[in-house]
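So, here's a batch of structures to check.
Each of the next two complexes has chain A plus one more chain, namely chain B in the first and chain C in the second.
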Partner chain A sequence: MSQSTALPGPGPVAVPPPRRGSVYRGVEGMWSWVAHRITGVLTFFFLFAHVLDTSLVRVSPDTYDRIIETYKNPFVNLLEVGLVGAVLFHALNGIRVTLIDFWSKGTRLQRPMLWVVLAVWVVLMVPGVYFMLQHTVRVMFGGAA
Partner chain B sequence: MTLTADTGIGALGDPSGPGPAQLPPIPDGAVMVTVTIQRFNPELDEAPHRESYRIPALPTDRILNLLHYIKWYIDGTLTFRRSCAHGICGSDAMRINGRNRLACKVLVKDVITDKKTEVTVEPIKGLPLEKDLLVDMEPFFEAYRKVQPFLITHSNEPSREWIQSPEDRARFDDTTKCILCAACTTSCPVYWSEDAYVGPAAIVNAHRFIFDSRDQGGQERLEILSDAEGVWRCRTTFNCTDACPRGIEVTKAIQEVKRALMFRRI
Partner chain C sequence: MTAAYDPPATRGIEAPRAPRRKLGGRRSNMEMYSWLFMRLSGIVLVVLVLGHLLIMNVLDGGVHRINWGFVAGRWASPFWQVWDLLMLWLAELHGANGLRTVINDYARKDGTRFWLLMLLAASVLLTVGLGTLVIFTFDPTIS
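Up next is the complex of A and B:
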């Protein structure tokens, strides 16, 4: 019985389902690049919408006011938080990528730099989210926040 | 106490395994490992599928030993490349547990834990799949040849030795270690989508000559690498640096080539 504990006996083992081209288990650098792309595209779409609604003011200030009024709800408030998070990550990681490009020590320090980016992101987002959602929470749940 | 083939060795879900007489004795300290391999036979299959094998292995075995065991004792049609089995020929780059590695350099004990005795082996991505773990390496070598990976001199040969200082030699030491295994190039997300990108390995081998003080073809190579398929495609994801079995700082080499182009300084 000495070995058989390490060696389980016979028996069917579930065959994993077929998969085509599984995802490469990339390193942190790959996922930060993916996140950089996604936050970049999100920011682009925001800017696109933003240019449209702001240019409305030249068409009709009245319509502009009405559109802006529709933004004042909790859902858009959450989107704003998401936007700030996306822009902040994109900006901080952008500095990291620039350093990797132009600083000769950048490639060796890219990983610690990524941790710094994430740490700064969290440190700025926590109070940021608090102040951004303060108003909404007060309106929705009353309370003396 | 020796185990026999009754322990369930063989292809999972295929009870018609080989007779016990064919199997080698199981050494002391062996554990049962489930190896899941992406299989593809172009003559029979429409698409690749996965197959699992339960085989005994020593923790000090290499993943290559597992593949040999399967090929020699369970399914002789399993196809993969290997030559030296000692990490120097660059034949057996494959995706082991999701990351590009040499099958002859990864040990069983590095991929299994007490709870999980499974390992997944897939072919490298981004090159045409031929069979099982075998891919067509030609596009990879084509990119390699493109950067003229040989010493180029225009001046007369020196009458005696070609002296190079230790500092000048150290400048490109890292990139001399490449064994052209393609682990870096096929770990690159840009390479998977843009097959025109020359890829990290070609740049590493260009770097080896661009920064060689004896070489005079640096400008030509920089010219080649600055076009649309060259170094500017690199997005510094560092997958290549992680994948390189020779420990070459691949991304660093690529960045040095980029900077040489930007500042026209070698």
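Up next is the complex of A and C:
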């Protein structure tokens, strides 16, 4: 990022105004790092709960079925969309991080790779959200979707 | 270190090309292996976890078709038992290693850091232990 100290006004390179409101200036790289952290921590906390609820298969079929009904609640169903979105971002961005570390062109292409990550995320989430919420929408609004 | 001329202002500063000294056995490659583990386990988890989410949440009615019988049917196959066991271990270790980094980044006092790491270790032992036990001792005739 060798930004020249060009004067403001028309010119070949538009110099962005100084960024405020953040101690970091890493821009895309920093925000992808923040998002990677948050999605990772949230997923880890969910995993703790998920191992416990799945362990109920060992107690009795009825106990397990009663707890698993929670996952079918419309609000919790929405949270699952959030979980899948978080895990999918973490996975795609994790591939990007690995490529930055191991691929000779990775560092140079880290920014375009983030746009690819976000594009793939959107492309996969659109049908994903549709199928995940299909049942809930049908039950709540009757016949829709 | 053994420069012919060693003025007081630079005394104790190693020469740029000086051979690396051993730091009293405190050097280990642990953090490098931890870094490598995150990449390797991450690649495997992409397949295991995204496959799991696709089957459990998206395909064929998603979460609404899951019940005890569904789980019993899946764990009748060693393939899905191994899948789930590997996913459990890798996800817990990958997640715990990530959280270890987060704790090390933000804990300000040594005591806080120590107890958060202990709590983390306890949660990993509990989930990995319990999850492994459940996969290996699942009884499809329980009903």
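Throughout what follows, the second predicted complex is superposed on the first by the 119 of 145 C-alpha atoms of A that agree within 3 Å, B and C clash if a C-alpha of one lies under 4 Å from a C-alpha of the other, contacts with A are read in each partner's own complex, and residues count from 1 in each chain.
Criterion: a residue touches a chain if its C-beta (ideal position, glycine included) is under 8 Å from a C-beta of that chain, and two chains touch if they have at least 3 such contacts.
If you're wondering where the values come from, they're calculated on a predicted model, not measured in any experiment.
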item: Partner chain(s) touched by A:E80 [first = chain B, second = chain C, both, neither]; value: second
item: Touching partner for A:G142 - first (chain B), second (chain C), both, neither; value: neither
item: First (chain B), second (chain C), both or neither touched by A:D101; value: both
item: Partner chain(s) touched by A:G29 [first = chain B, second = chain C, both, neither]; value: first
item: Chain B/chain C common contact set on chain A; value: 97, 101-102
item: Touching residues (chain side chain A, partner chain C) in the complex; value: 37, 40-41, 43-44, 47-48, 51-52, 54-55, 57-58, 60-62, 64-65, 68, 71-72, 77, 80, 84, 87-88, 91, 94-95, 97-98, 101-102, 127-128, 131-132, 134-135
item: In the complex, chain C residues that touch chain A; value: 39, 42-43, 45-46, 49-50, 53, 57-59, 61-64, 66-69, 71-72, 88, 91-92, 95-96, 98-99, 102, 123, 127, 130-131, 133-134, 137-139, 142-143
item: Chain B - residues contacting chain A, complex; value: 1, 3, 6-8, 12-13, 26, 28, 30-32, 34, 36, 47-52, 54, 56, 95, 97-99, 122, 125, 187, 189, 235-239, 241-242, 249, 251-252, 255, 258-259
item: Complex contacts: residues of chain A adjacent to chain B; value: 2-4, 6-13, 15-30, 33, 97, 100-102, 104, 106-108, 110
